[in-house]
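Both complexes shown next keep chain A, but they swap its partner, so chain B is in the first and chain C is in the second.
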Partner chain A sequence: MLLSALLTGLVLGGTYALIAMGLTLQYGVARIMNLAYGDVIIAAAFGAFVLFNLAGLNPLLGLLIIVPAGFVLSYLIYALMLQPLARRSGDRGRLEVDSILATFGLLFVIQGIALVVFGSGFMSYSFLAVPINILGTPLAANRVLAFALAVLLGGGLYLLLTRTRWGTAIRAVAVAPGSAPLVGIDVDRVARFAFALGGALAAAGGVIISMYLTFSATAGVVFTMKALVVVIMGGVGNIPGALAAGLILGVVETLVASFIDPGLTLAATYLIFLAVLVLRPSGLFGRNAS
Partner chain B sequence: MTARNLSLGLLGLVVLALLAAAPFYAGPYPLGLLIGILSYGVLATAWAMFSGPTRYVSLATVAFFGVGAYTVAVLGDVLPYPLILVVAAIIGALLAILVGLATLRLAGVYFVVFTFGLTELVRQLVTYYEVNVTKTLGRYVFLPLGPEHIFWQLLALGGATLVLAWWVRRSRIGLALRVIGDDPVAASHLGIDITRTKLVLFAASAVIMTLAGAIQAPRWTYIEPSIVFNPTVSFLTVIMALLGGPNRLVGPLLGAIPLFLLFEWLSANFPNHYSIILGLLFIAIVFLLPNGVLAFGEGLLNRLRGLTREVAR
Partner chain C sequence: MTTYGRRTILRGIGASAIAATALRSLPAFAQDRKAVRIGYAISKTGANAAGAGITTTPNYLLWVKDVNDAGGIKLSKLGVQLPIEVTEYDDRSSAEETVRAIERLATQDKVDFILPTWGTGPNLASGPSFDKFGYPQLAATAVTDMAPQVAQRWKKSFWLLGGGHDYANALVQLLVKQRDAGKINNKVAIISVADGFGIDLSKAATPAFKDAGFELVYDKSYPLDTSDFAPLLNEIAGLGADTFAAFSYPPDTFAITQQAVVANFNPKVFYLGVGTAFPVYPKIAGPNHNNVMGIGGIDPDSPDIEAYFKRHTELIGEAPDSWASAVTYSSLQILHQAIERVGDIDRDAVASEISTGEFDTILGKLKLKDNQLWSLWTVGQWQDGKFVGLSHTEREGAREPIVPKPNWTAA
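Up next is the complex of A and B:
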């Protein structure tokens, strides 16, 4: 029972870590606190659902369509809506408030479209719902696949950020947006790219979630919250931190759901959030608070 | 200045008297609209009382509003009505102090995020309690209160809120809040107890929101977590205050009137596309009117005056 809960928790945590990486790119690099992030995830989940049911496309192939679509869409959102706000606001505080308010509006737009098209019911489809034996505990194959995909994508992103010039530029902007232009980095372009990359990761997370969880048009808020908790817990802009924090959150949630009550998972999430904010505002794995 | 204040106060009293008589001449539908406008006017004014000067954007309005409504639903048969309102106000204050102590020390964005999810958390906790402890989801509210009673109570609450907001703006605490909003570091060097000042105002604004919910509980008859903790209420409160200008006394109230009417019209005519339109409207307001309509209008007026002066020369 405990082992099975732990394994399920790790699998869930892998997905959380993946979606948190996208948000940490958007907030840490592009300086946009995106409250519509979870709704992008849900939109991608609906996309996978439609491709699976109407075109008979399995979600693995769906990823090849939806992830680039998430990238392009986020790129456009940044260029059309957020960049003007970033240019207008001189200081960082102003941009934070403006971007929160604007993406809050965006949340209602995306959610409203999902409600019009799909209604408010819970959705799911059956893909690879066969049990696999791991360490003597049966685990659904789709969950295992979801975990493998999260590791693959997250690992790929980590290599991209640490081993390429592009990644170095992104990290430079995250650490010192003021000094990055001095070494010839185009901060605007990097921010746009990081925001779009974050959107692509959200889309990937959405497809993965749709493989093994039920979702609904109004579930975006909860995913935004979970991604944010993981980001703050891991330290803003810290990719390994997001990975560790995601796994912790997934395990804690599953333990609460299996041993206390499934209705209290969000309460557990919040408790962790508050504890981290009060005790270590820079995150469990972050550098000292500035 | 005093003469102006006096005449403004008199004008306010006249408007108040005219409104107080409304249930005697307005039909049920206009009265319903007036209740809605007043309700959002109260929420937006209370929101701006804290969020205007401090620039801490709270997205938790409906958490307090819903707690007020639920308190009435739970205690409706047990306690006399005025006492229920007192209990609701105390619960709202306690919740606000709890949330405030945990989050008000933190940087703005964490506060926004926490309040953003607070509604969802309170809703889950209430649902959990109802399902597991009382074994019923949803309650009936039977109180002998007609729409006119609700209207008068809201009017009184609205009047009190405006007076409180006016007093806060003039008092030391209002000044302290503005300093905190402009520069928290300077504020703490001036010897302002930042956390306590913010906490007091946050709790006051939360109590008003809780009462607004408690007063309106009898209107629903049937109450369920998904009805009274509807995040759209928080969303509307913020756009109304932003539209009118959160740094003006009557700004939020003036923002509430057109947006509430628009909201009614939209939900009657485009029930399915309602939240899309609202989201777009929100984005447009953030883009076009960062300081609110009143500030925009004044800026326009000043420019016009400058222009006429130049022409006269």
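Up next is the complex of A and C:
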């Protein structure tokens, strides 16, 4: 029973981690508090839905089209809309406020386009909605796949960030955007790249989520909220942090639902969130506040 | 420069006030009217957009098209037949925005009639505004046990979708028959979403099940926006209940179905809340949608309903939902016939006609009692691709429930 709850929880946590990793890059490195993040996820889910229904394309192959598209679009959004804000803002606080307002507008643009094109109904298709047995626990194959992809993407990004030169540059910008130019890092370029990478991750999350969740054009805000909780819990800008925080939330929610009361899952989520904020204000894996 | 004395001004004000009152009480001149102006505020964006987009907006569009194609609304007292002209606002799923839009429709746009928004909360929230400006409110998508009281308070409000008790009691009665026939055991598992409708239904269902002698082996609520039902269903699957009832919202309704298939949880009665009657449900559940029960239903043998489904599908590209859609469309037919019987834009007379008259609708002849509709489908079941009504608050059910539901087939 406990083992089954743990496995179910890890699989759910994989989803949370998956949707949070992109936001942690966008917020942690580019300092853009992207309120349209959940809507990018939904847009990608619609993309997967269309490819699946019209072209009969397996969503895993759909990833190969939608993830680069998410990268390019986010790159353009940053270059056209957010870069001017980043340039004129003197400090991080100002940029955060400006980006909240700007992306709040973007949220309605994306939602509006989705509503016009797809209407407001619920969208869903069935892909790998079959049970697979892991250690005696029946789990939905598509959720297990989401978990595996979350670990794969998270692990891969972690290696890129820690083992490569540009990963070092990204981390430098995340930690000390003021000092990074002193060692020849183009902060603008790195921020733009990190934002686009975050968009690509959001797109990946959207495609994977569309395999097992019913979504509608107006469902983005739920994902933004969940991602935000995970990002702040894990330490802003920290990929392993987002992964760990997502998994912890998934496991705790499942344990609470199984052994205490399903009505308390939301309360448990925010209790842990609060505990982390009180005990480690900069997040689980965050550095101490500078 | 002319100076007016105080008396002249006062006299002027008085005269114009009298003139204004006199003009108001005169029927509008036929040549002044080009159309019957209908306004509404509906959730085109935000959390309610999905529900409104399935149940309410398509029916407004269809009704306006149907009426205008037939030449419009006949106003016999003015001797004209006028088309409908629509003023539409997006309430962005916010009750405050709904109220503001209704005030605007009443005071700025001066529309002739206002159609209600979608959902229980927004309809209750906008009740006082409809009342204040004297517009009839035909709440077709509000499920509330408070309907008798609010209909008393706001005399021109009409509550057409029953209360939580009606749905819960109908389900329990239906299950008692199944139990007495030896088709299901005595154990019931309930889950409910911790939000308006789910709370209402579970509050009514829990005592009703107990009074009927059922054993509730599981009865818990889950928070709104829960997406993962594995822990709940894994636990319930081991409790031996033949009846599973989820008082759920979409998209929970869909997620619960998918998870039940994954967990191979096969109760003999599988009952879900809002969303079961949506046309998208069979697409989501695939072959497994058959024999799932839920809220609502239609009479599959009614030619009127069949024609309505056909017209709806042609205009919207999708069939209506098999619960509140037909009620919504019927409410518009009621409004239309009431206006034509009065023969003029007289909102008081129209409201009183709605509350006393009998109307021909796609649901058959309807007559309201205490400003509420009682002729309602409460429990339905997917049978052969249609969500047919099993229980009806005022008539006998048209179809027999199929129990037990066959086992799920893996997609």
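To be clear about the criterion, the second predicted complex is superposed on the first by the 254 of 290 C-alpha atoms of A that agree within 3 Å, B and C clash if a C-alpha of one lies under 4 Å from a C-alpha of the other, contacts with A are read in each partner's own complex, and residues count from 1 in each chain.
We take it that a contact is a pair of C-beta atoms (placed from the backbone, for glycine too) under 8 Å apart; a residue touches a chain by one contact, two chains touch by 3 or more.
This structure is a prediction, so every number in the text was calculated from the model and none was measured.
So in the superposed three-chain picture, is A:G105 touching just chain B, just chain C, both, or none of them (first/second/both/neither)?
Only chain B is touched by A:G105; chain C is not.
Quick check on the superposed pair: does A:L35 touch chain B, chain C, both, or neither? Answer first, second, both or neither.
first
After superposition on the shared chain, which partner residues are touched by A:L64: those of chain B (first), chain C (second), both, or neither?
In the superposition, A:L64 contacts neither chain B nor chain C.
Touch test for A:G263: chain B only (first), chain C only (second), both, or neither?
The answer is both, since A:G263 touches chain B and chain C.
Is A:M81 touching anything from chain B or chain C once the two structures are fitted on A? First, second, both or neither.
first
Looking at A:L152, would you say it contacts chain B, chain C, both, or neither? Reply first, second, both or neither.
The answer is neither, since A:L152 touches no partner chain.
Contacts for A:V175 in the overlay, against chain B (first) and chain C (second): which applies, first, second, both or neither?
neither
Thinking of the overlay built on chain A, is A:L277 touched by chain B (first), by chain C (second), by both, or by neither?
first
Look at A:T254 in the shared chain and tell me whether it touches chain B only, chain C only, both, or neither; answer first, second, both or neither.
Only chain C; A:T254 stays clear of chain B.
Indicate the residue numbers of chain A shared between its chain B interface and its chain C interface, in ascending order.
108, 111-112, 115, 221-222, 261, 263, 266
For the complex, which residues does chain C have touching chain A?
Contacts found on chain C: 44-47, 49-50, 52-54, 93, 191, 194, 220-223, 225-228, 230-232, 234-235, 250-251, 254-255, 258-259, 261-264, 275, 278, 280, 283-284, 286, 318, 410-411.
Which residues of chain B touch chain A in their complex?
Per the stated touch rule, the residues are 55, 57, 59, 102-103, 106-110, 112-114, 116-117, 120-121, 124-125, 127-128, 131-132, 231, 235, 238, 242, 272-283, 286-287, 290.
Which bits of chain A are touching chain B when the two form their complex?
Interface residues on the chain A side: 33, 35, 81, 84-85, 93, 96-98, 100-102, 104-113, 115-116, 221-222, 224-225, 228, 232, 261, 263-264, 266-267, 270, 273-274, 277-278, 281.
Flag every residue of chain A that touches chain C in the complex, lowest number first.
For chain A paired with chain C, touching residues are 4-5, 8-9, 11-12, 15, 108, 111-112, 115, 119-124, 126, 129-131, 137-140, 143, 212-219, 221-222, 253-254, 257-258, 261-263, 265-266.
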